[in-house]
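A, B and C label the chains in the order they appear, each numbered from 1.
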Amino acid sequence: MVNLLLITVILINFYTLGSARLVACIRAVALQGGLLALLPLATHGPSGHALLLGVGALTFKGILIPWLLLRAIREVRIRREVEPYIGFVATLALGTLVTAAAFIFADFLPLAAEHLGGMFVPTSLATMFSGFLLLITRRKALTQVLGYLVLENGIFVFAVLLSEAIPLMVETGILLDLLVGVFVMGIVLNHIGREFSTLNTKRLTALKE
Amino acid sequence: MLLLLILFPLAAAGIALLLPWHQGRSWLLPASGALHLILVGLAVAEGAVGHGPWIGLDALSRIVLVVTSLLYFGCALYAVAYFEQHRDRGNKVIVPCLLVFLSVMSLAIMARHLGLLWISVEATTIVSAPLIYYNRNQLSIEATWKYLLLCSVGIALAMLGILFIAYAALVGGGVPVSLQFDTLLSGAATLSRPWLHAGFVFLLVGFGTKMGLAPLHTWKPDAYGEAPGMVGALLAGGLTSVAFLAILRALQLMNAAGDGAMARQQLLGLGLLSLLVATVFMVRQPDIKRLLAYSSVEHMGILAIGVGIGGLATFGAMLHLVNNALTKGCLFLAAGNIQRAYASKRLSEVHGAIATLPVSGYLFLAGFLAIAGSPPFGLFMSEFTILRGIFSRGETLVGLLILLLLAAIFIGMGATVLTATQGDPVKLDTAFNDNFLLVASPLGFLLLVLVLGVYLPEPMQTALREAAALLEAKP
Amino acid sequence: MIGRMLLQLAVLLLFAPLLPGVINKTKALFAGRKGAPLLQPYFDLGRLWRKGFVFSRTTTWVFLAGPVVGMVVPLLAVLLIPFGGLQAPISFTGDLILLVYLFGLSRFFTAAAALDTGSSFEGMGAAREVTFSCLAEPTLLFALLVLARGADSLVLGAMLGPQLAVQWQGSGGPVLGLVAVCMFVVLLVENSRIPFDDPNTHLELTMIHEVMVLDHSGPAFGMILYGAAMKLMVMGALLVRVALPLQTGSMALDLLVFLAGLLALAVLIGVVESTMARLKLPRVPQVLVGTTLLSFFALVLVLR
């Protein structure tokens, strides 16, 4: 079950890297957040901590944050296509290479005995790199936010391994931070849209030196 | 007591949101700032230590807390006059944001749990974004976006670093797996080394982005350049000190584990790079606020170098933290006044500031002398101490390089500042005049720095020494 | 062994035209129509066989070779694949490559027949078809390699053997799921289904496969339809074996399950055709490359 969830997370990475439609990307990241909400339950069993964490992650990552982003798109009325710097095929190829490299690299890491050969660490690394790739190779400001969210998802996967170290309050704080962060980003996106009539970050290059 | 420091600014923010009265909102700021300063003074005086595993004050956080509180109070006083001038833009959003900013900054300084530290630093990023965006033009949107995204990604990497450290505890098996700082410190020797090192690197990169060390500093010139003067002062003086404190916590951990030398080497490297980058970009810089931003990069580099060398240089770095924060406060506020008067911050339009705006102009010039390290200002003492530490360790080459770069910065920055301040008076289009509140704070900061340059009071010496001792490698 | 060969060939010949019938019926039901009867393809084949040939004067023997090869290749290919509980009549190491390239052969002759007519529409369709199949080929090979790794053997019969059932329940389940999805995409591409090609379009500029066979008539067209149905069945057989690796021991029951699986596959194709729109032509290579990367990822997962 855990492996199925993790593989689906990686598949969603690929989908986001290769998709040309903004709304599809947002929904994919929302689905990823929702799946990650199930991860603590699948790994540590239905304890109170895991349950609350799952519910929190689902609400924030799966529902509220995508809602904020979709609202941002609607308000800005931009062209709903993703604009990459390098082509989709190249991005996907890079993403796959990086994922494969993550799997190979994870086998060389000095992991704790119970985590060796598992899929947590490679999935976490692969998702983080995919997030970075999205951040770097996309022109639209909104996709940069999506890249940031995917990066955070990757870090979340790693954090599930360490559930006992991170008390619930801290987890809630992290999720809340994420939510407010995306909220502020949404507002700034709105203003960018209004000022520039586009979310293309090519226009955000006036400040130099 | 410590909890109050965090909670009451939040309450004040709530009041600010509800208050319909522009002036009242503005005065809420210095009122909160004063209360904060008093509470901090009380806490430090009675030696309050902790509230359990979550928040507490040790020697390092005491210094940063006092400096930040002082800086905030000065900027809050300035803010009243600033908002008076900007009645059209309103302060309904920025005042609550500033108050929440005070609250989360205090939380970050006092955090004893790495998770809480992370949450509060991320919160400061989020809350300071609207502050940078106050001017609402295309350039400030761009600056805000870059700031928000770069710092958020950086802090996400810092989270990874924290997780690696927790994993080091998991693999090491000695200490119970926890992110509580004191627990980690006591069991540091048992932490798994590769994970600890990886965690330190990520923490350095992540919080280094927030602090503005090169090569992670690219958001700084844009953000400080486009933000209002007092926001720039708060960010350059307060937030960078908080980010530096976070890095120092990581250094403490590495010291306790016995790998402090490696950590210090990395800090030294980044510090030198920052100094170099700042020098390159400060020469022929036509924008006075971006000049100050690069100066901030330079001084963050000096801080990193000081801590990276160790020994006497660490004491110098602590003193430098205080001096830098106050001087940056003075410089940014004065630059803000000048920008408001000339309606521009570029050298093509700004010249003859001393003749046109005597008080702010002289403050800017004096601030430049202070930040470039000329005696009798405090920065001279701190930089001198750091260099003494470097030479006494036998790192002559490093010391000479630093001296060379500092000289280049003096010349480069001097060219810009002198062009801006000297010259004939210019007929201003804006009806701007230095009024009391606008110059009181920068003047106060400058005087403090002057005093610190001449005479370091005994209690302060002890406090700085204690803080430096915390960062020393355990045998 | 001769008996097994004849049995497989008989099942193929008899059952294959039912699949397009099921697909069309599913699509009709989705559209709210009653649709053609399920056995319509059989009637179509009979009708076409009774007609006469019409050949263009510009064509050569290649023109007839296309449909003939298209009909013979599935008959040969089916001998390599285990049907239901039956063993594959012909199997040797590396026969998976023969399978893939038998279909390559049929594709070559179809394209050559299309080019032989000298018409620009056919040439355009041939170019598109060859490009897309070219991109789909690595996917199929990677998917088969994953299966080979799972069985530690390069014999198709062994790759599709009983260890699949064990793998589905164990940790290899998700990987097999990925393989199944990739093979399904390849199935859609090779058999010219939506979202890669619309079999019902009448606009030549939008056709890929249909335009290649535009000039064939009568029995030749019948051979093409029959060949296409058999190709669908053979490739579907691969997929059904991967997805439903049941082996109850009784040959009749296994065969029944296998045929039911094929019918379910036909229904699935019908559903996909009814719910999805055709992809924009420039998007097709992107999707195919994505699928290749997906199967490559499955390979990486298995090779760890």
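Everything below uses one rule, namely that contacts are C-beta pairs under 8 Å (C-beta built on N, C-alpha and C of every residue); 3 or more make two chains touch, one makes a residue touch a chain.
On a predicted model such as this, the values are computed, not experimentally measured, just so you know.
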The chains touching both chain A and chain C are none
Counting only C-beta pairs in contact, which chains form the busiest pair? A-B
I'd like the most central chain, judged by C-alpha centroids against the all-protein C-alpha centroid. A
Chain centres computed over CA atoms; the one at greatest distance from chain A is chain C
Chain A to chain C: how many Å between their CA centres? 37
Chain A to chain B: how many Å between their CA centres? 31
Could you put a whole-Å number on the gap between the CA centroids of chain B and chain C? 66
Interface residues, chain A side, partner chain B - complex: 110-112, 128, 135, 141, 144-145, 148, 151-152, 155, 158-159, 161-162, 164-167, 170, 173-174, 176-177, 180-181, 184-185, 188, 191-192, 195-196, 201, 204-207, 209
Would you tell me which residues of chain C are touching chain A in their complex? 171, 173-175, 178, 283, 285-286, 289-290, 293-294, 296-297, 300-301, 304
Considering only the defined contacts, which chain A positions touch chain C in the complex? 3-4, 7-8, 10-11, 14, 18, 20, 88-89, 92-93, 95-96, 99-100, 103-104, 107, 117
Hey, which residues of chain B end up touching chain A in the complex? 113, 115-116, 118-119, 122-123, 125-126, 129-130, 133, 136-139, 141-146, 148-149, 152-153, 156, 159-160, 163, 166-167, 169-171, 177-179, 192, 194-195, 221-222, 225-226, 281, 285, 290
